[in-house]
Structure formats: C-alpha cells, structure tokens
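What follows is a pair of complexes built around chain A, which joins chain B in one and chain C in the other.
For the complex of A and B:
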C-alpha cells in the first residue's frame, strides 16, 4: 500500500472520530473538523465550478467553437458583481431579475404537470374501476395499495389533509371533522410540520396561538395562556 | 432613474417568466434549443453567484482573524482548508484522478471531504433518534397515533421486529403505501400549488423581495 493511502486512511479516521466527539459535547476537536469541512467543501466547489463553468462552459466553447453568444450570460453574471460597488449595486437587480424570471417561468408548467396533475391523476384514476359497469367488483384487500378500499382511503386522506391546510374557510362544523381527520392522518406522514404551518398561517385560532407561544414560537408571547381541562385558552 | 432601478428589473422578470412558461407548450426544436441554451446560461450565471458567496465567507473569517476574535483559530483552519483545496485542485486541473492514479485533489476529496461529509450526516441519526424520543411521548391523541405508527413501522422494517410481531411487516407496508402515501401526496400538491402561486406573484411583480432593499 502506498504511503499516501496510509496517511489518507489515518487522516480520514482521525477526522471521522473528531466529528463523532460531538456526541459527547461540543469541543475544540469537533470545531476544528467542522471548520476544515467547510473550508475543504468551499475549496472543492470553487475548483469544480471553475472547471465546469469557466473552462468547459465558457472558455472552450468560445475559443474552440466560436460560441460568442455565451458572452451574454457572462455579462449578466458580471452584473452581479456590481453588488460590491454601493452606488452601482442596483445594476445587479438585472441579473437577479433574469434568474428569478426564468426560474419562475420554468417552474409553473412543470410543477403543474409533474406534481399537481400527476398526483391528482394517481389519486383519482383508480376510482374509475368503481364506476358501475360490467363485471365491476369492489376489492377489499388492504395489502394491495391499488385495491378499491385502499383507493378510497387514499382519496379521503388526500382530501382531508388538503382541507386541513386550507385556511380560507374557518374549520368549524363538518369542516372541523374533515380537518381533524387530516391532522390525524398527518401522524402517519412526514408531518410534524402540520402544527407549525397551522399556527403560522392561521394564527387567529386560539389553540394555534397557544401552540405557538407555549413552544417558544417565532413571535413573542404577549398573551396570557390559560390551560382549562383539555386545551389552552388565551386570556 | 427609478424606471431603470425598479421598472426594468420587473419588466425583465415579466418577459422572461412569460416566455419560459410558454416555452413548455411549444413543441418546436427552436423552443427546445432555447431551453437548452438558457439552462446553460443559468449554470454560467450561477458560477458568478458563487463569487458573491465565497467573498462573503472570506470577508467574515478575515475579520475574525484580523481582530483575533474568540475562535479565530478555527477561521484560520477554514482558510487553510479552502486555500489548500484550491491549490491542490488547480494543480490537478480539477481532476480527482488521472490515468487511474489519484491526484492531490483526489486525495483531499477521498480522505478529507468524503469522510467529513459522511460523518456529518451520520451524526444526524443520533439527533433524529433524540428528536423522535421527544416527539413520540404520548401527550395527546395525535402524539399517541404518531407513536403507534412509528413503532409499527420500525418493527416492520427490521427482521427481528417482523419475527417478534409477524403482522408488523404487512401493517407497516400498508401504513407506508396507503396512509403515508396519501399524506405525502396531499402535502406535495399543497407545496406545488404554493410554488405556482409564488411564481405567478413573482412574474407579475407582486413579490419583489428578490430585488433586495436599498434605494428605489
């Protein structure tokens, strides 16, 4: 085994152990490894960006293929650097406007097609098998995600969770039942965020505010909280 | 002047936004070519954005070192790591290996960056376990449901759990494929609607925070 491999193995092992020391508590060895990690990562990114962007996307195409149009994005990129000149900093807005505009424009149709319509299609299409016709059967097999029963459970889940996040109407009466179904369903999903979204967006709800304040949420608590029976009230 | 500072950027956003939203619905080679070109353009412009970020990092740590603030030694380590990697990278022409032989840049990547990155992510497992312990305390009905679902899924995902509770395998599959899938689907739809709404607001100039503060 070569010398650099042996040294490399020792360095890798040492740095790994340095990071793991954080499990005991914050300490200088961890901080050293942490800062080294940031430094090496930034250095690596700089080199790779230089190699990919400057060399392969700009220099070679312009010099070897004469793609002079690539000077346009270079110019737009240069506009960003006007941030360093306070009097000319506003020029950098042109570059940001271009990036944000293109990004937004690209995002709209692709998001609608790939996520919204596709997800709705996957939720609704299996229901077509339930339409009365010749030989339609209702399948009860829970283990098959495509069974009729599971299809209905998924539809109820999607609808109720969507309603839970819909704050334009107050969640009272039947709406409350649907929203409660949604939050209960969230417990099976990636959704510890549910509460957070709720109190951030619909802070007018009392329990939402209580939740925010009692957990040291983003806003300072100016209201007194009273716990009565099974829930918090604002006093 | 206000036209140049405020209206022109908004106009650029409006035009580019509408053009590239419409591009999706134009199945013509020229349209495809435009998309390919702009993707390359965004990569190039992104490279310049890196300059802003890196210079900011340089500046913050340079100040710490110059003023000898608490922990300035770590900033020095960061500098050494960054400059060392850049020198090694330039020396190796940005290649980790040449003809199968590892370069200095490859050494830094394989023996410093990869282990540091992997271990940083590895310790997340401990934090997740700690967070899960706090979340799973059954203080309400919802928390109890969360706890039960988590226990079933954990049991169903490991051979020992499935051996102890044979039903847990099928049950955890059902939770993941039906209950979890429906929640994920709804959240994805919600997030996507939010993305579309935000994009429309940006294109039509309702959302302008990306222009930054400062004078008009």
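For the complex of A and C:
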C-alpha cells in the first residue's frame, strides 16, 4: 500500500471523526473540518470548471483550432456579467432572455411528454380486460398493478385528489366527501410527500420520522404517536 | 421526576451513542441477514444480462462524495456486471464535484476486470450544462465530449466505434443523487432519443421515481444501499453494500424500538398527569 494512500486514509478518518464530534457539542475540531469541507469542495468545483470550460471548451478550440464561432456563446455569457455594472445591467437581459427562451423551448415539450402524457397514459387503463377465449373479465388481484380493482382505486384516488386541490368550488355536501377522500389518499403517499418537499414540510404530513431524526433534539419530545380529533399522527 | 419523565427528557447524545453502536457492531461482526431480490433491481440486472457482447452501455455517475455510501456500491456492481458481459462501457458524470470519484471507480473496476481504456471502456468526464449535455449527446456525442477525461480525442476510440449519438446506445443507467439525474436522463435522453434505460438512486429518492418505473418509462430501479446489496447478491459478489445492510437494519431496528418506547413513555406520563389532575379536582 502506498504512503499517499495511508496518509489519505488517516486524513479522511480524522476529518470524519471531527465532523461526528458535533454530535457531542459544537467545537473547534468540527469547525475546522466543516470549513475544510466547504473550501475543498468549492475549490475543486472552481478549478474543474475553469479547466473544462475556459481551457478545454473555449481557449484551446479558439486559439488552437480557430473555431471563432465559439466567441458568440462566450459573448452571451459575458453579457451576464454586466449585472455588476448598474448602468449597463440592462444588457444582461438579452443573455437571460436567450437562456430562458432556449431552456423553456427545450424543457416544456419534453416535460409535458414525460411527466404528463406518459403518466396519464399509465393512469388511464381499461376497467375491463378482454381475454381471448374468456371474454370480458374483471381482475381482483390487488398485487397486480394492472388489475381492474387497482384501476378503480387509482381512478377514485386521482379524481378525488385533483378535486381536493380544486379551490374554485366550495367543498360542501358531496364535494366535501370527495375532497376528504382526496386528502386521505394524499396521506397514503407520505414518503413521496417528504421527498418532494425536501423534508421541510414533513411535519405537515405527520410522518416526519426521518426529518425528526436528522434534526436531533430530544427524540421522545419529537417522535410520538398523537391522537388529534379524529385521526392518529406520528409526529 | 418519575422514570417516564426522565426517559422523555433523555440526553440526545445517549441516542446518538446507541445509533453509533448499532452501526459499528454489525460492521465488525456481520450477521448476514437474508436479502430478497426485488423486481425493480432484477429489471436492470436482467436487461444487462440480455445484452449481446460488445453492446454499448452508458453509465452516468451523477453523484458526488456525499452520496458515496449508497451509490458507489451500485456503480461498482454495475461496472463489474457490464465488464463481465464484455459490454462497451461509456461512463460520464453530470456532477462536477463527482468527477474525480467517478474516474476512480471506473478505473479501479476496469483494472480489476482486466479491461483496457479506450478499447473496452471510456470515461468521458464532466461537461457543463446538465440537461443540455444530454441533448447534445443525443445529437452528436463527439460534439458534447470532444475528448475523454484524460484529454484523448474521443473520435477514433475503438470503444466508441459505430456510436455517434445516444440513439446508438443499447442501454443506459443513471445513478443519480439529485438533479441532473435519473429524471433528466429520461426526459431529455430516453424520451427523445429512444434508448432503453434503467436507474439507480439514493434510498430517499426511490419513492419519487416509482411513477416512472410503474409506467415502464424506466425498466428497473436500484434504490439505495438495499438496491446495491440486492445487485451484489445477484452478482454473487459480497461487497460494501451487503456489509452495510446489517448496520442499516440494526439502526432501523433501534429507531423503531426508540419510537415505540417513547410512545409508551409519553402515554404513560400523560395518563399519570390526567389521573393526578382528576385527583386534584
């Protein structure tokens, strides 16, 4: 084993332990490791970006290969820097307009296709299946995602959740029943909710186990099963 | 102060210590808990298994050292599988902070499997733009990456023979720890350029990718350390993921026990407070 590898392993182990000392309390060793971590990662990113973008994708192709067309994207990029000069800041709008336009043009059709059309395609399935020789059948298997019973559950779930978030109509009478079904359906997906909201709203979904764990604090005060009104919460 | 009240106000450092012990002990003395293979992981494995020798396999290592414990074992298993099947491996990363680590893992596994850089595999490195890189690769691979990580021109590399864009890739897997990652590879890659794709992600991201999996938009998903352990089991090669599963299971068990205990203590103290209140009234 090389000397550099051994030294590297010791440094990595030491810094990891320094970070863990925060679990006891804030201390200078933790601050040292924390600042080193931030400094090294930012330094690495800056150096890597400079080398890849400025040197290999801009400087070398222009100087060595004479690809002068590259000056156009460079100029657009430079326009952004005018934000730092108040009198010339308006020029940066051209660069931003270009980037927003290109970005939207690329992203909107693809996102609609991938996350709306394809997902609708998967959600809207036939209620009854036609099997050759058996005729029209209704499958009850809950474990099969494509079964007819699951199709009905998905249909009720999607419709009621969409209705819950439709605020133009007051949720009273039958509408209240549908909306309550929708919000109950939402609670079946706590993990997804937690993920989507980056754990910040986990307590809102009454399922913030991971969130509470990561926050530290006295656990018994944070993790408990609570009966509030008409339902149980783990929060 | 009663026992239950003392337990409800327990010093959090004791709980950290319990978690630390539950992590360390199984790592030192592995139990070897059984690992059941899920359909999601099998989807990726079976597809790679079905590819003919020499097929181009694209692996995008879209993570940085922060997600190394979960995604590094996945990348090792996938690379071993691809090299074992003699696929042509095209590796890259969309995360600048993960470039060095990605190069290290690709080089290490290739050396271990006796593969030659440029002939059996290539590490393209990182290129700025995120999703724009995927689109660029879909139009012209050599335009997106004129040179590989070591500065060697990509045009003319034997490993890239017959590959001009993403359309020529047989199978792609993105191991993503965020954005850009699996979703971006699907939206700007597979959906546009029509190649088969699987994914790998951290455990916390997996539920968010299930809609893509269920609708068939991706054909398999390796989720977190558990997914990596399943892949190692399929490969019949015990690695860091299988070793880590015991520790993860032990800490999960400790958390469940702590949750149950604190609920018991909470209800016990509440009942006592109520009964004392009634007695006082």
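Criterion: the second predicted complex is superposed on the first by the 171 of 235 C-alpha atoms of A that agree within 3 Å, B and C clash if a C-alpha of one lies under 4 Å from a C-alpha of the other, contacts with A are read in each partner's own complex, and residues count from 1 in each chain.
In the analysis below, a residue touches a chain if its C-beta (ideal position, glycine included) is under 8 Å from a C-beta of that chain, and two chains touch if they have at least 3 such contacts.
On a predicted model such as this, the values are computed, not experimentally measured, just so you know.
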{"item": "Contacts of A:122 with chain B and chain C, given as first, second, both or neither", "value": "both"}
{"item": "Touching partner for A:45 - first (chain B), second (chain C), both, neither", "value": "both"}
{"item": "Larger contact residue set on chain A - chain B or chain C", "value": "B"}
{"item": "Which of chain B and chain C A:106 touches, first, second, both or neither", "value": "both"}
{"item": "Touching partner for A:23 - first (chain B), second (chain C), both, neither", "value": "both"}
{"item": "Partner chain(s) touched by A:53 [first = chain B, second = chain C, both, neither]", "value": "both"}
{"item": "Chain C-contacting residues of chain A that also contact chain B", "value": "23, 41, 44-45, 48-49, 52-53, 57, 106-107, 110-111, 113, 115, 119, 122, 145, 189, 191-192"}
{"item": "Chain B residues touching chain A - in the complex, by the definition given at the top", "value": "4-5, 8-10, 12-25, 35, 37-38, 40-52, 54-55, 57, 71, 74-75, 77-86, 89-90, 93-94, 102, 105, 107-120, 122-123, 126, 135, 141-143, 145-146, 149, 170, 173-175, 177-193, 195-196, 198-200, 202-203, 210-212, 214-215"}
{"item": "Residue ranges of chain C touching chain A (in the complex, touch as defined)", "value": "7-13, 15-16, 96-97, 99-100, 125-128, 131-132, 135, 146-147, 151, 186-188, 191-192, 204-205, 207-208, 210-211, 214-217, 255, 258-259, 262-263, 265-266"}
{"item": "List of chain A residues in touch with chain B within their complex", "value": "4, 7-9, 11-13, 15-16, 19-20, 22-23, 31-55, 57-58, 69-70, 72-74, 76-78, 80-81, 83-84, 89-90, 92-113, 115-116, 119-120, 122-123, 142-143, 145, 150, 153-162, 165, 182-192"}
{"item": "Of all residues in chain A, those that touch chain C in their complex", "value": "23-24, 41, 44-45, 48-49, 52-53, 56-57, 61, 106-107, 110-111, 113-115, 118-119, 121-122, 145, 189, 191-192, 194-196, 209-210, 213, 216-221, 223-225, 234"}
